[in-house]
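These notes open a run of structures that come right after.
In the two complexes that follow, subunit A is the common piece, with subunit B as its partner first and subunit C second.
Moving on to the complex of A and B:
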């Protein structure tokens, strides 16, 4: 780096990262590959390369090892997709609320989904994955819409602070309603308990396939709104001055964020901290420009979730620790660190 | 650096009523910004001067009346198209976490960019030029949050310049700056206006700075336009009394030859020094007129 070179000579500041940007991208992809490999290989029963090859490319081989490998691969794909979705969802939530330590749960999305699922179990006798999905998505969307409406009341519309406050208040109210529904009904408690701890252990190709459209549409929406969200980062007034329809952009980005988080929550249960952690790391590595940090968030979300899943399998070997427990353990200290740092 | 002069546009408010939550702060105000000129909006706190500027900048939708650009209602112009003609520097924009100066200035290019068509040569040139004008090119790679208040304000103005608008609205661009930076920022803005013909309108707190730098002043009181005109017509003892409810003496600014407002206040007339006598001279007896 020649520090003295002029702005024009040196080319884009945007590309000042280009040199090491390529390195970061390559490193992250390598990280992704090794996480996936670890997730294929490690677990209650270690998988050999031959078994993996059997499982992947020789559908006629029907050994125990090959079947384990197939389940592992499906689980890994599901974990990667969940992590990627949560990473993008977190990045969107953070830029919509302009709060660097926000994650989708700050808009009450998780609690809304949980209440909806609990009501579904208690009053509608839902059992299938599709029903869970529908209930959780509906709950997430309704809650987000309600929080948005409450946060928009009054002067200046939906400001980040009002959104966060409305989210916290609504979330508290909803979680007490979850308890109210659960406590007198032990059979609901049993079903809910299983769902409520986020886990990707039961991830199959079917679930991966169901999640994929959400991931694709959500991520494309995120990338398309990234320049407007970049402008929104300078405040609503500055963004409006630049020709951004602040309310509309915030609404679209929130909807994409809610859909991504809601879909994952419906299928895997609430998994915390990935939505917080991934965008933060992405900003550290790729900078403040969302056009670069959004894809990075997806990638890092996939990496952290899959790594946490592998760690969960190793910690209590030969049993398993649900990934939601692992991310909470890893994430909580990092959240505290981030909160303290951002105040400083 | 080619100092091409920009187009003049006619930005005006016609009987605009606007405010927040259904409460009118600005009441039936009609103003027209002089093209290629510098206008200042002054007035006491809560008189609606910022609200008027925000309404012109389409941050607030008027409850009645109209804001028009070249005869068209600004609400009917596509936001991005409007943002290529009218720029805005808000009073306290947010510095995104960890952003570099060059990147922040680059964000001013938003209304000139298309989706999926990356960064162009024009974008690059506009950003370099804007940073050159505001003398922040050397800071391009520095983090904005590490800059001093004055430098930061230069960077924000560079961001607004990268937008390349013909009209630039500024909401209290000198607030929070010490006096040397206030003068520096206003000097740069007035050079921009002289060399490029950019039409400027800004809310200013300081009447004397408004009188010195503006070609035209709008004075507001209680949401209405109380006076408008050239500084000499608006910065008069009578008008200041009417708008701010304060007695003052008007002198001539010995440097800029613009009117200079001296508040009278209650702590007046220290007879032990020779000050009052010379004020009497300079103001040609207007002090005695007040008494």
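Moving on to the complex of A and C:
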């Protein structure tokens, strides 16, 4: 009798995984480590442990393998950071809009960043990474604000379907503006062609370094606003009753979310669906409390992006599939699944 | 007595309202048709050299100088026909979708049918290095496959839901776009220009034989769609109301959707996805022709007029020649924003 009951309890606990915070965190960290290891090792040319050690710890060794290892490590770090940023950004966007399918790629924010970058290349002659970042972020912020404003006019506020449609429509409009800017300028077209499918393949330490401050500030802001966002999840009135200044919290959290997404988009190009996927998984594993699920989103975003990158390298071996393509194929079915299961 | 007179007056009002609405619909449709016709003529007359009407007419019948013959019959006529038929197809398909899904934003562009077509065509050109004929077939197949997948997924548990279909479509569109992006990068440099035509719609370099599938589809499908469009009006009232009025909702929806998909896919195969034509035509036709009528016909005519006018603007209005898709995209954007805000405000979205 007692035996059966305990089995049932264990089954429940396992299905929700919610009582096992430490275990889940450890598991995710292990997953992260193995993704990173796979990303070090696998690719057009597999590298050995000695080569990896050479690349990491013996800067004087200048063999081919060691250099490949250095490149891989830099790329992996970049991928992890991008994934983490996108995960946090997605979690913030979803909780600010109170909308489970809010993702930068669905809200058209990526296209906004793209238009802004293209205009920068074409009209302002921007060249440095910082300028790319600034332009992308400005574009992302404007588009996000616009899409959200358009999607939330009306009585019932920003429903998932309204936001998705507004995002799709706005990004259709923006992408024809992108072509209008690009068509007469073939040199921009050439740069854009490679930028517009998100990729971490060219990630270097310099880019990782440029992204790091955004990641740190963005994530810290996110964690700091998490309690207030938790309160907002109960509705604006309830949150105000608890002493939360709803408007201010929304503003800060969405600025952090847009900055994270814009920075990644500027560096790596538009990578979709990580911001949809990671928070969803995080909620499943760590529950709805943002104080736990936000760091979890960062972790899982890093895992998903790095794993997608490795998959992309293996699928078209010895070439590689850009990570933006892989994430679309991993993430879009999840959106479709969510839509099909929904009772809308 | 007084009550009876009031009832009579109401009935007379009602009939007059109905007559007025019919007159307005006929007027708007005729005006749009005339506009499309004028633009067709302009497409034939204008170009690097402006020919008088007589010369072009003779050239079309096969009489005239070699240069004129070439300009009129090989360049301008196919371009005009492509704009006319593709514009009509996009406009009609868009209007049918908007009515069926009861959402003005739901159109073949946004819910992924045209991106399925684009992906099919680009795959054929870049990966299989196939000729134009195969690209057309595969473009049509891509559009159909996308729609089929969307339809099956949105009929999950036999309960159709328009919003589910839209979300599913957006997901599928993301996948198609990712695929296209990848193929563009993986492709050889010299193949890329041929493929970009399928990304933003263009009437450049259309040849007559390439349009035959579109002609065939239009001749077969447009009458069927018009035949069913009366029931479309009742479907617009909602599924239950339509059932009460004797509409077989499932069958009507399936037929109309099939028509719209065939139109959108063949038009995309011929010209590439011309942005916003399918999106703008329905609502504008509705405003011009008045509420309470079915709109596929005026929407199609408006689509044709918009495409032709935009192509003329793209050819002659700027220093740089722009393909028609870019022009419609930029023309459409402000209207889109206006419409989005207005619809949201009314709670129609």
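Assume the second predicted complex is superposed on the first by the 282 of 344 C-alpha atoms of A that agree within 3 Å, B and C clash if a C-alpha of one lies under 4 Å from a C-alpha of the other, contacts with A are read in each partner's own complex, and residues count from 1 in each chain.
Rule of thumb we're sticking to: contacts are C-beta pairs under 8 Å (C-beta built on N, C-alpha and C of every residue); 3 or more make two chains touch, one makes a residue touch a chain.
A quick note: this is a predicted structure, and the numbers were derived from the prediction, not measured.
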Touching partner for A:336 - first (subunit B), second (subunit C), both, neither: second
I'd like to know which partner A:165 touches here: subunit B for first, subunit C for second, both or neither. second
Please determine whether it is subunit B or subunit C that touches the greater number of subunit A residues. C
On the A-aligned overlay, A:283 touches which partner chain: subunit B = first, subunit C = second, or both, or neither? first
What is the contact status of A:193 with respect to subunit B (first) and subunit C (second): first, second, both, or neither? second
Have a look at where A:87 lands relative to subunit B and subunit C in the superposition and call it first, second, both or neither. neither
Mind working out whether A:240 is in touch with subunit B, subunit C, both or neither, as first, second, both or neither? first
After lining up the shared chain so the two structures overlap, which partner does A:179 touch, if you call subunit B first and subunit C second: first, second, both or neither? second
The shared contact residues of subunit A with subunit B and subunit C are 154-156
How about subunit C: which of its residues touch subunit A in the complex? 103, 105-106, 109-110, 153-154, 156, 161, 163-164, 166-168, 170-175, 177-179, 181-182, 184-186, 192, 199-200, 275-276, 279, 320, 322-323, 325-326, 328-330, 332-333, 336-337, 340-341, 344-347, 349
Seen from subunit B, its contact residues with subunit A in the complex are 20-21, 54, 57-59, 78-84, 87-104, 106-108, 110-111, 113, 115, 119, 124, 127-128, 131, 137, 140-141, 159-160, 163, 169, 171
Can you list the subunit A residues touching subunit C in their complex? 101, 105-106, 150-156, 160-162, 164-166, 168-170, 172-177, 179-180, 183-184, 193-194, 196-197, 272-273, 319, 321-322, 324-325, 328-329, 331-333, 335-336, 338-342, 344
Which of the residues in subunit A come into contact with subunit B in the complex? 6-8, 11-14, 16, 98, 100, 154-156, 224, 227-228, 230-231, 233-238, 240-245, 283, 287-289
